[in-house]
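Dropping the structures in below, format is structure tokens.
You will see subunit A twice below: alongside subunit B first, and alongside subunit C after that.
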Partner chain A sequence: MKQRQYINGLMALAVASVIFIVPFVYIFLMAAKTKQQASTLDFSWPQEWHFWANLVEVVQTRNYMLLLAYFNSTVITVGAVTLLVLFGAMVGYVLQRRPSAASRLVFGFVIAGLMIPPAVVPTIWVLQGLGLFKTLTGMILIQVAYGLSFSVLLFRSFIATVPRDLDEAALIDGAKPWQIFYRVVLPLLKPVTVTLIVVQSIAIFNDFTNPLYYLPGKENVTVQLTLFNFQSQFQSQFNLLFMNILLVTIPPLIVFIFFNRQIVAGMTAGAVKG
Partner chain B sequence: MSARQRSPYPYWFIAPAAAIYIALFLVPTIASFWFSLTRWDLFTTEFIGMENFRQFLKEPQLINGLVNTVIYAVLTSGTKTVIGLLLAVLLTSGLYAQGFLRTVIFFPVLVSTIGVGITFFELMHPTKGALNLGLAAIGLPKVGWLTSPSLALYSVALIDLWKGVGLATLIYIAGLASISPDYYEAARIDGATRIQQFRRITVPLVRPATITVVTLSLISGLRSFDLIWATTKGGPGFSSDVLASVIYKQYQAGFYGLSTAGNVILFLLIAVLVLPLTLWMNRTEADQ
Partner chain C sequence: MTKPIHSLALASAMALVGNLAAADVTLSVLIDNNAETITAFDALTAAYTAAHPDVTFETEQRPGGADGDNIIKTRLATGEMADVFVYNSGSLFQALKPEQTLADLSALASQANVVDSFKPVVTSQDGAVRGIPFGAAMGGGIYYNIPLYKELGLSVPHTWAEFMANNAKVAAAGKVAVAQTYGDTWSSQLFVLADFYNVLQADPNFAADYTANKAKYATTPAAMQGFAHLEEVFKAGNLLNPDFGAAKFDDGMHMVASGEAAHYPMLTFGLGTIKQNYPDLVNDIGFFAQPGEDAAHNGLTVWMPSAIYVPASSKHMDEAKGFLDFIASVDGCNVMIKAIGATGPYLIKGCELPADVPPSVADMLPYFQTAGLTAPALEFLSPIKGPSLEQITVEVGTGIRSAADAAALYDQDVEKQAKQLGLPNW
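Let's look at the complex of A and B:
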């Protein structure tokens, strides 16, 4: 029995490795090849290792556009995630602590936000009216609007585990509502906050569709947009294209290595009982 | 405490989030119903009634996008659910290197969809791609994964499965962990086979996870855009167009009213498919 499990495990390992690891090995090998060798697209060992040269060339392409893209993507991600934590926790807190008709109505809108696809062109129309179209601020606010539902749901279910006695003790001590939230409750939300930061950062950093619509223009490029545009520019330079893919894949890999547990917690929230 | 004391949980806590949500999500959604009835260039609108919708249901390439959206969503959602559950059962059975396998299967979920799309676009290259070279090596004919009109949509769905099945697996693993081992032990004592245990214990008791997986993957399948855009751009021809790519193409072409009508259709499609499904699944759960 033990031996059979061992053999089954090895077989599963072999199959899964081929299916799920080989594409990443392919990306890595392609990124290290010379232009000539990469153009055959085949699965082979690099004859010459051009890893560093390719890296430098990709970064320098189009006047260091990739660095600008990393900068923009970082600004959008950090800005949006900060607001998502703060505003999401505030809404989740009130919804959990104050059961009322108004709370139920708000909760309905939260669920709607998870299901309804954004109406693209009307959103551009609103952004133009507000003067936020093609701006990083506008992009941050869009990501907040689209990410709020997930954020509120996650905080709401976690806040249910924070005892109400704490709020009441603070209230008796004369704390204002804002102080109760900010000084008493918010610090206790650290585990779920880490989860939310990690999961939303990856989602926003990887987002392609929304910047495509709401952030066109050369000076506003994001990491995913740059990669997509390089696909047509590097048509004969697959080594550089795959180096770019590799660079885009590394940030989530690093986050995954350090925050594995938090990612799993965030992604499976609601799986056991929604 | 006096009767009319202010609540320690004031509604103004909702205000900042509500302002952003209303301005950038709710207002555009409501406005889309009006704009879908117009010919629109962002500055002037001309009311044309149901003309955009009529065009959507009449032009072959547009109705084709609608049909493809349903095929794609049902196919990706169904395969992710079934394979996700089987993988989760496999990966909780005490296999050798089980933790490592979970990691490997899950990692593609976190990777950029565009990066995955480009990688598979090259792996599926009709003559030089590694996939076809592999098929040729074992004596099978080459396949036009993304270049054959009858196959392109299914190839993209296959990539989607590769990228997304890890999430379904992860959700199912969490669901399986909440099933008490006592059930399995009782079943074993009664002489139930592995397959009977799976059908009579695992499948019914893992239902909350199933609801999550089906709903999540169906919604994301219906809205799917970036993977299709990174691999086929809806081609060859219009053979792998889905609603989201039609919406983008009409937007690029400047047909904003038509594009918005596509959005409204997508909204209605999600409402029609997902709402009854979740209601039904939650109802049958309550009956048990």
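Let's look at the complex of A and C:
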């Protein structure tokens, strides 16, 4: 019995490592190749190691565009995720705790936000009207608008599992509504907040099409857009492209490793604290 | 006495302001992200700023393909287009609603330098020329491996029968006769599209009749040939590379340059890939037009280069036009040749190519030097190009669908697009 478990575990580990590690090894090997060898897209050992040279070239391309892109992407991701957590939790709380005709209507709009696809040109007109087009602020607001429905849904269903008795106990102790939210409810939402942060920050950091259309301009690059420095319709420099992919993959990976512990901690700490 | 002084002061102040304003002009430029485009524009803008220190540039890149189309249309629709931008000519140009969105460049002084055959592909429905050519014209035809041709004692074919005979000899020698790369579906269309010169020889009115819904691929024998050739090459059984279903464009270029394959049907921009990845093989590839039925009528189907446009919404219209005047001049053309070399003739009168062009470019030039040996591809003569052609040609090229069936299906595919464009008689 014990041995069978051991073998099963080992097989699962082997399968998982093939699925998750092989693509990463491929990216790493491609990133170290020369232009000529990379153009064949083989899964092979590099004949010459050009890892450092490729790295330097990618970072220096277009006047250190990648560094600017890291900055822009970080600002957009952090800003948008912060707003998403804050507003998602607030709206979800009200919608769950106060069922009424008005909250059902608002919930209808939230669902509509998930279902109706956004149109690019009218959205740009709105941004132009507000003077937010081609600004990071405008991009953050777009990401918030696109992600808010999902966050509200997630928070609303999670808040349903938080007993109302806690709110009432806090109310009897003399807490104001905002105190109930910030001091009693929000700390209990940690597990779902961590989930949301992980899901949304990866989605926003990796977003390609929205920055492509809503954030034109030389200064407004995001990391995903830098991939186009090395890939074009007819000619691609695959070694630099894969090096860029490697560099772009690292920040979310760090976030994920960091939050992995937080997720587990958040799950176990889901109970009421004293 | 005071009045003249006032006006003098005013005049000098205005002159000062004028100078300052002139010094401030920064033209925004939006180009595609092909390495050659970027290099060419770096050289052009640097040369122009050197001659006109009051104009500086801010260059921005966009992706190609469908994303690029969307960016161009979105930015034109929202009035956010750069002062100067590069985009395809021909049917994609017509899709931009050029009458409303692009500036009229008919009066540009340098239009006199532009080769006349280019102008129709950047002329809007109202007859105004709205672009100037950017880069070299491309030919659609067949790359061949020169050392392999010498080794097997082959000569450049002038008819399809000769081409197939060459293929048989190559296959007998144990090499790949025709490289095909259906992993990049667009590369499957070449046999059909590059055959258009031959279609026009048999039926000179095909493009006009086709646009007017009078001629069809399925009912025009000459037009059917492209599909038939594709089928024939597959049916022969031993001509294609074994991985033709999955190979990519890069693989195809490598095969024909290294001598693994004898032929690869492609547009002449493919040379750029060889220059980048296998610079020592550049002299091993040659080029010939896709042969037709008749050796007496052997000519090249030509793809017009992209064009440079100025949007109607540009705030620096005069400076932008000045820059375009420079690009379309012989000087501008030479700057480009110096920066990126030549993969084909530039469409500027008096702009000579250097003597040391690679053999595949040299092979292409004779077609341009004699009148009547080139014809534009169908997509420059007719606004209709069905969106599914590349899928259909993959089906034919892999033996899934017969040539006759494919031609009929493509006629149906085209119908949707013609109706969307609102063409008469569809």
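Quick note on the criterion: the second predicted complex is superposed on the first by the 215 of 274 C-alpha atoms of A that agree within 3 Å, B and C clash if a C-alpha of one lies under 4 Å from a C-alpha of the other, contacts with A are read in each partner's own complex, and residues count from 1 in each chain.
Note that contacts are C-beta pairs under 8 Å (C-beta built on N, C-alpha and C of every residue); 3 or more make two chains touch, one makes a residue touch a chain.
In this text the structure is predicted, and so the values were computed from the model without any measurement.
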| item | value |
| --- | --- |
| First, second, both or neither for A:V56, with subunit B first and subunit C second | neither |
| Subunit B versus subunit C as contact partner of A:A145, first or second or both or neither | first |
| First, second, both or neither for A:D42, with subunit B first and subunit C second | first |
| Touched partner set for A:G217, first subunit B, second subunit C, both or neither | second |
| Partner chain in contact with A:A160 - subunit B first, subunit C second, else both or neither | neither |
| First (subunit B), second (subunit C), both or neither touched by A:S232 | second |
| Touched partner set for A:F133, first subunit B, second subunit C, both or neither | second |
| First, second, both or neither for A:L13, with subunit B first and subunit C second | first |
| Subunit A: partner with more touched residues, subunit B or subunit C | B |
| Subunit B versus subunit C as contact partner of A:V120, first or second or both or neither | both |
| Overlap of the subunit B and subunit C footprints on subunit A, listed as residue numbers | 40-41, 120-121, 124-125, 128, 209, 212-213, 228, 231 |
| Residue numbers on subunit C that touch subunit A, as the complex places them | 32-36, 58-65, 67-68, 70-71, 74-75, 77-80, 248-251, 254, 269-270, 272-273, 276-278 |
| Residues on subunit A engaged by subunit B in the complex (per definition of touch) | 5-6, 8-10, 12-13, 16-17, 19-21, 23-24, 26-27, 30, 40-43, 83, 87-88, 90-91, 93-94, 97-98, 102, 106, 109, 113-128, 130, 141-142, 144-146, 148, 152, 167, 171, 177, 180-181, 202, 206, 208-209, 212-213, 223-224, 227-228, 231, 238, 241-242, 245, 248-249, 252-253, 255-256, 260, 263-264, 267-268, 270-274 |
| Residue numbers on subunit A that touch subunit C, as the complex places them | 35-36, 39-41, 120-121, 124-125, 128, 133-134, 209, 212-213, 216-218, 228-229, 231-237 |
| Touching residues on subunit B, where the partner in the complex is subunit A | 6-11, 13-14, 16-18, 20-21, 23-29, 31-32, 35, 40, 42, 90, 93-98, 100-101, 103-105, 107-116, 118-120, 122-123, 125, 128-130, 133, 162, 167, 170-175, 178, 208-209, 211-212, 219, 222-223, 225-226, 229-230, 244, 247-248, 251, 256, 259-260, 263-264, 266-267, 270-271, 274 |
